[in-house]
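Listed after this line are the structures, all set down as structure tokens.
Two complexes follow with chain A in common, the first pairing it with chain B and the second with chain C.
Then we have the complex of A and B:
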């Protein structure tokens, strides 16, 4: 067997927030850690970019809300401030092609439909309280709840088409999936992990409450600085061979990554470790070859946990002109390319930015429109809501997560019927020396940055618990002064 | 500022509408709770009971152990019961405060919104 190019205690595959938090926790425990990241950057599904005009745009995860304490602590640690998502004035509802202003969470143009929506959301929230975020398959009716989709449930739970449409819009914005793609059990478990479905879709008091001044990737960049050369970028893990220790050999892994050489050619690089933490969505993990093969339930889970489909667009203007008309920038639409928009302008209003999601089947089928076609439709829809000025942005940027090979979609995996009850335990269950992190495995705020951080802590804790005390007694903790 | 009599009059109107609302009756099924209302400006207290999907008459004073406590100005209570005020907006701004278990708060939030929308 080819010897290892390097030997460490733990390899972490993936330098999104979950991988970074895993690595940080392991290093703090005194372990020798190497993080292999496929991209040329850290942050995973969180990416902050600056447009040519100087506008800061969060192309991926961007918000922080109440009870997301790990993320708040990280922001505090690195001195990154937050500010409230702009919410003054009226939101807009687009229904049957007409635009109606409303205040609060639920559109009010069809009052009976809106009342029905509130009642339906309450039913969903109360049901979610009964479902464990970590062991949803233990619910006494798990089989029945996992047999139907959210769409099937809402068809019978709601009395009106308005309520069904608003629940669909919520599903698209939260999961990047239509309600017909999602298991009800999965939705309930996911919602409970963040409090309730209402908390997930709220701005004030919910998941979209605040933003980070300067963008949400900053804490990842600072964590990476702190980890220093323990992170290797441009090094996708392609295969893993492992032994679980059952044959008398010590449990361990040999991780093969591809690295780009000086001549831009790829070469294999082998790292031996006592443990591996895979910190990525199941669908991305599915591209790594394992020897021996992973257990069948894990392989099946990986094939049945597809990523949601989402493209995030930002239309950048020289100022947030919609505020002059008393509008918040938030749109909820019952059809079209953009089902939800937000005011993503910087706190000082130095640019006006409208952000929107193209999600689910519409995102997938918009492939044939191309970037120019999507931009044209998005601007038409923004102009319908906010007036002709919206059709003339100074910049328009889109981030097509479905075409990102190391995300394969976003914002999160969307599990269909039958997956959690059959394969759910495989989501977190270690396989020999291999442990699983990533926001999909989180027990709190699954699908969010907070969940990524929690999953990293949990995976690191598992690893530490399985290793003997030898490594833990070594003084290899982080040296803040050297940036290592 | 609204007097206790004005709040009682507004509540009686709200109570009648709520108890005639079949969607609300469905939402309140199995939810037996005592709710205290505290007017933050006048210091007056009121008690409502919800039982068998029916809202009781408004009682003066804070009676029995509450499951939920709602704090707001007397004016906001009167406006809420007359249907002149969007409760969600007031909860979000913190002008109306609900204290209780998360499930009870969730349910009261939703029922007050449905009562507002269904009028």
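Then we have the complex of A and C:
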């Protein structure tokens, strides 16, 4: 075996919020940590960019809502302020090609459908309260709940096509998956982890309540500054060999990353560690070769946790003109490319930004349209809702998460029928010296930044617990960094 | 960029039956081909082994049936003979813990259930005839058929629990997936590719009709002999960079494999080629890093094509004692670890072998039982069916396909709801210089050895068509092998 290029206590694979929080917690516990990140940046599915015209756009996760306390604490720590998502005025409902204004969470143009939607959401919320966010497979009816899709459930739970369509829109916006792709048990567990489905889809009082002045990636950048050269960018982990210590030798891992040099040449780089925390979505973890192979149940889980498909678009205007017409910028559509839009203008309204989601099957099929084709359709739809001025943005940007090899989609994994009951327990179960973080493993706000932070704390705590005081690096003198 | 270690016309990634047939077809067309295989053997999901007592066991694919003409031709070519799967005497049905003998395809202890099962199978077969094996998404009701699972369909199509349970057993045996994991559209398309669901589950006249004297891997071994040093074993492909030739430079790939040396050290090995054929299941392909990333729709497909979960067990006895009792060795069970068994004795009956499948959720959860625990339960179940003698085999072997890193499960990919309509066209669509083989891409007998062979021929034909005569290696003098 080639010797290690570096030896640390713990390797963290992935520098999204979950990996950063893992690393920070481990460092605070006195451990020697190295974070290997595949991309040339930190933040994972959270990415703030500045457009040529100076608009700040969050290309990924962007919001904070009530009970997301870890994220709020992090923002406070780094002095990042928040402001309410703009929601003054009327939202717009697009139904059967017509546009109808409405106030509040649920569109109202079809009165029966509106009442039915509220009743259906309530049913979903009540069901979700019964399902554990961490152990949904323990529910007495777990098998039955996991056997059907959200689409199948809503087919019988709702009486109107309007309610079914609105649940589909919610699924697309929340998961990047259509309701026919999602296990009901998974949806219930996921919703409960954030409170309820209603809290997931609410702006005021829900997951979309507030935004970060300057963008949601800032705290990741500050965390990364603090971690300093413990983070190595451009270093995707490609393989991991490990031993669980069963034969008397100490448990440990050898992590091989493929580093890209200045000349674009690649070289393997090996880091030995006592523990590894994999802080990435299961589908991305699935790319890493493990030796010995991971247990079959973990392997099967990883193949059954596909990422949703989502493209986020931002249309930038010189001012938020829709506000003059008493519109909030929020659209809920029953069809088309953009099923949901938001006002993503800066707090001071110095320019106007409409943000929209292309999600699920439409996102996948829109690939053949190309960027120009998607822009054309999106602007047509924005103009239908907000008038001709919407067709003439000064800038239009899109972020296609399914084209990102180190995310493989977004915003989150979408589990289909039968997966949680068959493979769910493997989601967080350590394999020898390997522990799992990532928002998909969170017990609160799974799929959100808050969940990423919680998962990192939990994984780090697991690691610290297995490395008790006497076995710590400092005591055993393992800290022989041979340099990078 | 590091220069290539070797340059060929076409790299084939994977030396299962699809990759071997691809390579053979390409070589016959005069092309310079290199096959990179991750394992230390060829054959993929087909593996024949000899146990210590000298029993020949097929650990993976093993049968040949009517209309599997390519496979028959290959067996003829290499002089491998076949013999009928043993099916004299009564099959056994295990229902609600009791054992009932029956003759024919469908268990009969519950008469209403039996009639209902036949009617349900017929319904499924008729539906399957409407669905194209190659373009199921073109069906006028594709959306609706892809929106529901096989479980949901059978819930309404069948009137009895017996019929539902038998369809579940069929799904587990055919796909290694429970009916709640499978899209109805996928099941219909898959069944049609092999004729009908009935042909898939039949022994006489169906997919399990005959076996190969000496095992099903033999033709793969002979093909590999013929290909000689064009096959490199122990060389998993880890990354591929490619250009589609859009910018005027010729389309081509640079394939990086990780070769394991005699000292267990690993080294990267780079092969340049004009085309690449990826001959492996989508889920295994998903482990390879592509640069530029594959299109999002392909990426999303690959995340949504998980392998079924199956363990094949063989209990070896000194003679096929169940035949004395007038039993065929076939069991169909409504519960338990083994949902289906077969007589896998050699043709001359010189010893007795019972083979069984542990599939789907039970296969995954049985991981925690360990090999000894699984053996104990399997032997209890065999003894319940065939008497106490079955509890005392001279050998017991198991092959857990979900623990095989280069299969990731078996026997085949199981697509859930919404996948085919959303991502199906990406299954076979070339991406620049990259073509896709593997039985999951087959238009006939998808999931079977026959389908693997067909897919290889089709992929090779695609490649040859894009490399027209004037551009062939021989003419352009690219054939500068620099050695391996």
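Definition applied: the second predicted complex is superposed on the first by the 469 of 484 C-alpha atoms of A that agree within 3 Å, B and C clash if a C-alpha of one lies under 4 Å from a C-alpha of the other, contacts with A are read in each partner's own complex, and residues count from 1 in each chain.
As a working rule, a residue touches a chain if its C-beta (ideal position, glycine included) is under 8 Å from a C-beta of that chain, and two chains touch if they have at least 3 such contacts.
Note that the structure is a prediction, hence the values are computed from the model and not measured.
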*Broader residue contact with chain A after superposition on the shared chain, chain B or chain C*: C
*For A:465, decide between first (touching chain B), second (touching chain C), both and neither.*
neither
*Would you check which partner chain A:126 touches, where first means chain B only, second means chain C only, and both and neither mean what they say?*
first
*Of the partners chain B and chain C, which touch A:367 in the superposed model: first, second, both, neither?*
second
_Touching partner for A:205 - first (chain B), second (chain C), both, neither_ = first
_Looking at A:283 after the superposition, I want to know if it touches chain B, chain C, both of them or none. Which is it: first, second, both, neither?_
second
*Note which residues of chain A are touching chain B in the complex, please.*
103-106, 108, 111-112, 114-116, 118-119, 121-122, 125-126, 129, 159, 195-196, 198, 204-205
*So in the complex, which bits of chain B are touching chain A?*
23, 26-27, 86, 88-89, 91-93, 102-103, 106-107, 110-111, 113-114, 117-118
*Provide the residue numbers of chain C that touch chain A in the complex, in ascending order.*
1-2, 146-149, 151-152, 177-178, 180-181, 236, 238-239, 258, 264-265, 268, 283, 286-287, 289-290, 293, 295-297, 299-300, 303-307, 309, 360-361, 363-365, 367, 400, 402-405, 408-409, 416-419, 421-423
